[in-house]
Structure formats: structure tokens, C-alpha cells
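Data first, discussion second: the structure below is written as C-alpha cells.
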Amino acid sequence: MIFTAELPIRFAHCDPAGIVFYPRYFEMMNGVVEDWCAQGLACSFHEMHIARGIGLPTVHLETDFIKPTELGESLLAELVVTKLGKSSVELQICFRGPQQDMRLKAKLVLVMMDLKLRKSIAISDELSTAMQKYCKI
Amino acid sequence: MIFTAELPIRFAHCDPAGIVFYPRYFEMMNGVVEDWCAQGLACSFHEMHIARGIGLPTVHLETDFIKPTELGESLLAELVVTKLGKSSVELQICFRGPQQDMRLKAKLVLVMMDLKLRKSIAISDELSTAMQKYCKI
Amino acid sequence: MIFTAELPIRFAHCDPAGIVFYPRYFEMMNGVVEDWCAQGLACSFHEMHIARGIGLPTVHLETDFIKPTELGESLLAELVVTKLGKSSVELQICFRGPQQDMRLKAKLVLVMMDLKLRKSIAISDELSTAMQKYCKI
Amino acid sequence: MIFTAELPIRFAHCDPAGIVFYPRYFEMMNGVVEDWCAQGLACSFHEMHIARGIGLPTVHLETDFIKPTELGESLLAELVVTKLGKSSVELQICFRGPQQDMRLKAKLVLVMMDLKLRKSIAISDELSTAMQKYCKI
């Protein structure tokens, strides 16, 4: 399974060159992970942070910016799990343009954390099982 | 007619107190105006900026922040035109919570500008007619 | 006394028209209030939020955007107290360009809050005395 | 030579967990590159974009987020050139905490672009010479 999300490119995302300012891509990317947790894993950031006292911070990130994106375009984000560990998960996220052309390709490593102790903890069986559905074989 | 838009509150919008950081409200508000132009007036920011060389900057803003908004909530934005001049338009934008409770109430004055000349210009008849449909009597 | 701060205009602040995107002005404005608290009132946001469990959210805001600001310019912010109440403080903040020309003029009302109870509380005598030094007669 | 910049951590940078929201690190990182161009290379982004019609977009990025950063801390950014090509330059940027402890380590590849043609171009001799001073042997 691939988790997908639509990303309309807004005025707020664009720089004086009229294209997406790259730090804004990461706000969008975080939004994709947020939607995946809420819709794909049935455990929203709000639920994690407020009710469970856990978080899923990004500890490593690699990104290729392949083609610039202009104001008014709409991108499609695709998220898959590429590795699933005891307390970490590796994701691949691609942003594609209207012609399916790749705009950005990223690898993220997220770690399950206890927010109070600031320590990594095991991903719960429930979440791990939900994540497995998005594993790319 | 009232122009409406849904605003999911994201992790990126929230501050260390767990509520929306107020400058993020204005990014959302600009997004509402952007959607209104594209969907309500049939003239996107991209069309304005790139094809026509015009813009609709905000020159005056008044906002009451009535109740804080938390991570995970979803707001409803409502936009109406409260005054329509030769080159300016006054909008009222409200953000409401899930129980229709008012979170934020804003008055914005936007001015139609020629981007190259950096001068105000008359709103075209076509745009003015489209804006009139959203006038609150 | 007037509290002042320098604001270099960065690429991240500017929109496809090459000028400051107005929600970014409010990020800067919040930074000015933050610096005023830390340097002018000797009580940083960190101290307020983490150690004391209080906050100073903005409940009302009025802004005139007088002249656009371009990438590469440097603004000067000026903050004065225009009204000081039991639990609220009204500020006037101006952003000026290199020729002292006014770019933005804002009135903000901030309220001292207990973050846990989400209720307004009295401004402490210590903070109130510190704020008085910035009162515009 | 190492290019350095101070980065005060603001309320605007922090998330509901009270630590820097990672997309904000990239806004800061872009600011460091911006300052390096203006102060270290004597060619500001404004000069590049407006006067010369060139830009220096990031095409590849790798980041390790080593330790979280809290509201109220101040980081030190260190920038060095790790590779200098005909039209591209590879940078290493580190963010350190008050005890010199590493918070973030990034590798960026930037490419000199003609903004109108949207094509890579050779880095000018003048800029290349200036960049060489920051090369890590």
C-alpha cells in the first residue's frame, strides 16, 4: 500500500523566484507524515503528543530536489515504509507533479520517543502492524 | 453568498503551548483569500501574478483572537465582502471551531495593485462583478 | 523609553512579488515582543512558559501596511507601551525602513495568561513596573 | 576558514513538544547560506536574484538531527565548503549548542542557476575564488 496526499502549492510556499522555497517542502512533508499517522495508522499527532506522551521525530533526512515547483501547481505525495525497526521507521516520500514527474524524493528516519524521558522507546505492536501495511517489498 | 474553506490544524501551526501560533493564522487567512480568488472569483493568484502582473496585497488588518485553537482541531473559515471600492475591497473573515464557536474574527482591506508600477489600479469589471456576489448586505 | 530591534529581511520572508509576505511580518513582530520580554523586561518567553507556566498571547491586533519591504533591506522595529492594565498591555510597534520611512504600524493587545487554567491573571508587580518604563506618555 | 553565525532559538521555531520543529532548522540553514553569500562571498541573494538573474538553489540535502534544541537556547552555525565544482558547491553545515555539542549536521549541494533559463551555469571566477577560502582541506 502507498499512502498518498494532495499538496496544492500556495503563495505562502513560494519565494522571490516564484518557486517553492525548500524549507516549505519540509512543512508539507511533515504534514504528509501527520496525515499518514492519523489516517493510515489511526493514531494522530494530537493523540500521540497529548494523550500518549509519545512523539515520532525525524532523526535523519535525505532529499533530492529534482525539479522546481511553481505557484499554482498541485503535487501528489506518495509515502511508503522502506524499513521497520524496533523503535524506528524509515520512509520514502516522493512529491510528483501533474504529469507524474518527480519533483522531490526523500528518505526519512523517524524514531518513536517518550517525550518526557526524551528517550527512544519500542513502537507499539498496534502501530507496527499498521505500519507494515505500507511496507514496500 | 459566503465563501467557506476547511482548515485542519497541523503540528506546524502550533506553538510550545500546544495552540495555534498567531502568525500561522495569517498564513491560513492568506490561503483562504487565495482559494476565494481561484474558486470564487475564477482568477488565481498565479493568474494574477504571472499572467496579468497584478496583485491583491493586504494594506490594513484588524483581528480579534477570541479563543485559542488546539492541535488536531479543524476550523471553518467564512469570508464575505463588507465593502467594495474602485481599487480596494474590504473582507470579513471568521474562523469557527467544531461547535461553530468563534475563534478569530478579522477585517482585511486589500488593494488591487499593478506589480511593476507598484501603484493601485481599478479592480476590473469582471472581478468586481464576481466580488459582488460575496457582498454582505 | 523605546525598545528597538533590527530586522534583516531574508529570502524566507519574501513572496513571488519579491516583497515581504505579510504573515512573516507577524513572525518578526512576535520576535520583537519576545526580545522585549527577555531584554527589556528581564523575563524571557522560556522563563514564562517553562518556569512560570504563564504566557502573553495576543488577543487583538490592528495593522497598517504602509509601504512594501524588499529582499535585502533591513528594518528597524520600535516598540512602546500605549496602555497598561491589570492583566493586559497594549503595544504600538512600528517597522521603519533605512530612511526612517514607516513600513508598518501595529497596535497589539496582549493578555497575561495562566497556561494551565487558560485564564487571564494579573501582571505581576515586577513585570508591570518593568513595562511602565516603556510607556509612551 | 569557517563561516559562523549565531542562531537564537525563538518561540516561532518551536513545536508543541517545546523543541525546534525541524522544517524551521532549514529556514535557519537557508539564512546561514544567505549570510555566507552576503558577508563571506560579497554577493547577497538580493544582488544575485535581482541584479544578476542568478540563484543558488539546494538540489541535495542530507541531515542528521543529533539532539533536540529547546526554546531559549542559542545555537552556533558553522559552514565550510567540502567540494567545489564547475557549477555546484557542496557545503557542510553544523549547528552546535552552548556546550559545543552537536545538534544537527548537514550536507548540502547547491547549484548555480540562471533563473530565467532555469539552467545550471558555471560559478563565476570571482565567486569561486571567494568560495575556495572556505574549503575544508
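In order of appearance the chains are A, B, C and D, and numbering begins at 1 in each one.
Rule of thumb we're sticking to: a residue touches a chain if its C-beta (ideal position, glycine included) is under 8 Å from a C-beta of that chain, and two chains touch if they have at least 3 such contacts.
The chain list, named the UniProt way, goes like this: A, B, C, D = 4-hydroxybenzoyl-CoA thioesterase.
Not measured: the values here are computed from a predicted model.
Contact with chain A and chain B alike is made by C, D. To find the repeat of A-B among C-D, B-D or B-C, check which pair has over half of the same contact pairs by residue number; it is C-D. Looking at C-D alongside A-D, one finds more C-beta pairs in contact between the chains of A-D. When every chain is reduced to the mean of its CA atoms, the largest separation from chain A belongs to C.
Rounded to whole angstrom, the centroid-to-centroid distance between chain A and chain D, based on C-alpha atoms, equals 23 Å.
Chain A and chain C have Cα centroids separated by 33 Å. With centres set at the average Cα position, the gap from chain C to chain D is 28 Å. Chain C has residues 11-12, 16-18, 21, 23, 27, 30, 49, 71 in contact with two or more other chains.
Of all residues in chain C, only 16-17, 21-24, 26-27, 29-30, 49, 55, 57-65, 68, 115, 118 touch chain B in the complex they form. Residues 11-12, 14-18, 21, 23, 71 of chain A are the ones that touch chain C when the two sit in their complex. Within the complex formed with chain B, the residues of chain A that make contact are 10-12, 18, 27, 30-31, 34, 44-47, 49-50, 70-72.
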